[in-house]
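Each in structure tokens, the structures are laid out below.
Below, chain A partners chain B and then partners chain C, in two separate complexes.
The block that comes next holds the complex of A and B.
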């Protein structure tokens, strides 16, 4: 063999090697645990004990897409019952879940075994038609374990697509000293009697505005008012593609009434100013879902015992919260279901989750007074657990939403911004604006 | 036959790159074009719709031309100012009066390397209506009675974005002008001074004309980069609420909706119309190509 042909042979080997390496890199491959379908950072959790058998003899690892930090107590309790089931968490931001699902499906990738679904993305994910019916076989979820208002909210066409995880019923929180000063009482029951309707609320708000010389307003943002009114709407905004105009118009006109009364300030929700307002004496009321005391009021108000919780005029409503669904074709759907069932639909799960700061939708747990007993430093010694889970829960309803609700939410955010800054912008203009926005985003919607 | 055999080596050695480009460059380009001719939500089947998506771009509801107009407005306002400030700072730094040149070069270039996320949040905090530093200063000085709703009014929101882009971009132009000035022969200036030219005259008659290739380069790359504007306005106006909160896409009255933001929102944001998103991307591609072509002609004319 001469030198030239030897060099040629080496060159070929190098090229073939390079091409093979390149193709191998492109391939990706399917890892056994299915985690390769996700680009987040998987983190294995669980007992790590693959040997032996326990908990229905189920064994293996399921993949969960979530943005939540691990709930260690709940996971430990689950692993105690099912020592051979491991969970692999993949971090996916709440707002990225629909996008990641779509790109995974479009690229033919492997979906996880269970996904956490934030309420804001729920309609969009449900609309994809990729979730299993958990009320049907092989899951056969016992829906009587959940609250009555959960079923319409988590079902589409009679199919239960996800199981709610954390409680998100909402009441109205208020600053006690302001209530005492302007209404003569800070007792929740008396205030609930005083505010039977939102018209009463507006009338009293005007008095507060006058007495305080405009320094104290009832609510910091029109967005807060919209959250409450939307949550309390008697019917869905949409029946398929048909918009329920009277329901929407009623809410928009009430928002205009709130704006015109001057009792609502112009803060944008979730801005530093809005957050900081909870530590001041400028606003008497704020919507308060179950997560609000812990995650919003507490970090922004250093003083103890300033707040109290009441049932809002018109009853409780649902604001935020997350649920878990199983994608069709999930490899380890049986393992994922055991985890959902344990954490969200059992007494042991409810107790373990409570230790981790999460109240589940397992109805029976709330029959026990010890379980509902919950206080938070900002609310002094008021048993807000009982207020939320007994009184507000009893007065809460929820309605189904579909993909069109996400388009309406966006249109409403434009309307809310315009209502706040332009006092001449009325109901008619707002409805026209909504019509225009919906036509652009979803031409199929009919009025 | 002999020639082919003899010339196999370049093709073989190029093949890894060509394969890489075909998979990650050419295929997505062709596939995107195909997608732009369909109606597809990424999950169901693709429905071929011909040029309907492109036709829809001319419908005001698509916000395509509004977004192109917004983007061009930002480019038209910010690029000349970035260049003017960059040139001014570069001239000062290149002069003999400024000491610690390296330090000032770094300070002025730093905004360019700050991540867009940080820039968006920084300006969001500065121009917040209630808690923003700018409004607090204006109120303290008694220049306004009530805080200005910077991010809620179309004109003010555009001003804030323009300020943000100028602040972020002038350091980039400064670096190019500094490099260009270093290439201007010193003897030309010396000859001008011997002939009695003032510093200003030498700048306008010697430095500036010789910096023309640099200027043309900055204009071309600035326009192309400007047309791809996305992160800064999106992070400034997109809100930072919880998962459930919905931000106003494009800012008040969509005054700051850029073309790429429109494409992103159409395909991955509030709607999942991949076909229309791809059509917007191709529309933007045509606009960038037109500007690049014009720029190339300008550059060619300049070099000739």
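The block that comes next holds the complex of A and C.
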């Protein structure tokens, strides 16, 4: 009896000991959140635009919120130039960045020194009003280093809120054998001449549909068409809370025209079927941002040299891409700025990032033919770098967006589903549906 | 004959249901053995040959550390939550004190309020207590587990005879002694059930770690899994392998405690 009681007591002591051990292990870090990044340097002193001036005695660690894996070559090059500046990555999924930011601000928590901002979340984050103006002191970003179309896209009220990192201009990729079979040529220049407008594209698409007996369509998803048309829109969808109805209506009616022509299939983007379609001969064209060959076409199409790239009817557009912004009150804004400046606004950074598979927006780098020279196995020996960074880039424009674009995107994704599957759903119904969705999501939007 | 037919039909139905339930698990395991891009081309039913590479991707993301963090958080949360809930349940079920009913009603009331509402205040509280840079903020909410208190109160009320407690007291046992020596053995099924539930909730918790954790070395499994990929290429195969690895402890715990878990859930369903 006594022995049993003793055993029980020992068992309880072990349990309490284990629990204490576990809890002790919980307190692994420093007590104050983020204090591990403290460097003893004065906060946000800023050091101006001197990317080329060496280490500058800057020392410490800055915190980056990102979902991207490290760009090893770029980081190594940065560390070589600034050996005393360390970067601490905190992984936050792209779609979670606004939520985490909001809570951190609401709770008075410590913000990171730099945030990676995905294009889809950009308007929401810009709308929070928490980012520094990088064109002003102490950063004084030299905006002439970036492309002209970058400034409206990354500015709000004349303030440059983030610096674009990866290039995301987009063209139109096509399967050469299909183009040759149905148009008699697979030469990008000849096709660009053939497709001066989207109406030409639709008319030719109908011919392909007829000749192939419905087996070959021009594009796999209406979502792809929407991405292109939206990217090419001549003006912003919103001026403050006022919706630019003619611009939207024009796009919706063009989408209906595409749908009714039968040249677009009903696949949903980013589904297994959509991905698998790149290895087939069912669809001739696909929108192709800079990241598309490497990350989407390549993994899904095992054969080499099947594709070519052209300037789309109506010119290039921007699809996706990310930028970096510095939150107001960031403790190590000066260190973070050095990193942005090096990776996105310098020749050394552009070259290092290219090795990591990232093309930056540092305009000057593209003046060098060797830099723009870029081929990819799916595109054979076509110099797609020159196509993207010289021809498409010259024909690309971008427009500012605000928080309302986020609501419109959500409404459009619902409308696109219906448009794609229900052939009786026309422009009027689509506009009505958008109006209802926007009213529910953002009642302050005016038409 | 009729009974045999019925048995065959029942067996067939159960087999089909089991297959439907288990197939997603099987596919999850199999998908973790394929290259990400191969997942999109067809439905995969047989194991692929990319397991080692996916394991490499997963381990490159310091998954061992992430795993350990999740184990620390979930085991501590479970132990503390069950202990406090059992203590509180014992008090509510077998003791009389002032404002007992009001207090119990208040605890029930807190169950009606979504946890998300208090999250900002909780983050502020943790910052004020200088606990933000630790794993403790992920553990502490489970200690004040209203559902656990409710669960234990109901179970102790119905499963622990008051006469036994009174006998123990008459034999000179203290309240603490009664709790550990008499009550605990009576409520093993409830302890197992609550342990499994709290472990599962804590293990799968995404929002709180997302909001509160700012150091990669404190990441738990749900956060760790989202980091497997990049802007344009979400490595679903590696993520699924991570999920498979992340599901293992839950499966093991359920396998160990399934009998008690079911007993705990069905306790009180028949008035004896």
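In this text, the second predicted complex is superposed on the first by the 394 of 447 C-alpha atoms of A that agree within 3 Å, B and C clash if a C-alpha of one lies under 4 Å from a C-alpha of the other, contacts with A are read in each partner's own complex, and residues count from 1 in each chain.
As a working rule, contacts are C-beta pairs under 8 Å (C-beta built on N, C-alpha and C of every residue); 3 or more make two chains touch, one makes a residue touch a chain.
A quick note: this is a predicted structure, and the numbers were derived from the prediction, not measured.
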If we overlay the two complexes on their shared chain A, which of chain B and chain C does A:106 touch? Say first, second, both or neither.
both
Could you say whether A:380 touches chain B, chain C, both of them, or neither, answering first, second, both or neither?
neither
Per the contact definition in the header, classify A:68: touching chain B only (first), chain C only (second), both, or neither.
second
Partner chain(s) touched by A:406 [first = chain B, second = chain C, both, neither]:
first
For A:441, select first, second, both or neither according to whether it touches chain B, chain C, the two together, or no partner.
first
With both complexes overlaid on chain A, does A:152 touch chain B (first), chain C (second), both or neither?
neither
Does the superposition put A:276 against chain B (first), chain C (second), both, or neither?
both
With the two complexes superposed on chain A, say which partner A:299 touches: chain B (first), chain C (second), both, or neither.
second
Using the touch definition from the top, say if A:60 reaches chain B (first), chain C (second), both or neither.
neither
In the superposed view, which residues of chain A touch chain B and also chain C?
12, 15, 19, 22-23, 26, 67, 94, 99, 103, 106, 118, 271-273, 276, 320
Complex contact set, residues of chain B against chain A
9, 12-13, 15-16, 19-20, 23, 41-43, 61-63, 125, 128-131, 149, 152-153, 239-249, 252, 268, 270-272, 274
Interfacial residue positions of chain C with respect to chain A in the complex
36-37, 39-41, 72-73, 75-76, 79-80, 119-121, 123-124, 127, 130-136, 139, 180, 210-211, 214-219, 223, 226-227, 229-233
Could you pull out which chain A residues touch chain C in their complex?
12, 15, 19, 22-23, 25-36, 63, 67-69, 88-94, 96, 99-100, 103-104, 106-110, 112, 118, 166, 271-273, 275-276, 279, 291, 294-296, 299-300, 320, 322
Tell me, which parts of chain A touch chain B in their complex?
11-12, 15, 18-19, 22-23, 26, 67, 94-95, 98-99, 102-103, 105-106, 118-121, 124, 128-130, 223, 266-274, 276, 319-320, 406-407, 409-410, 412-414, 417-418, 420-421, 439-442
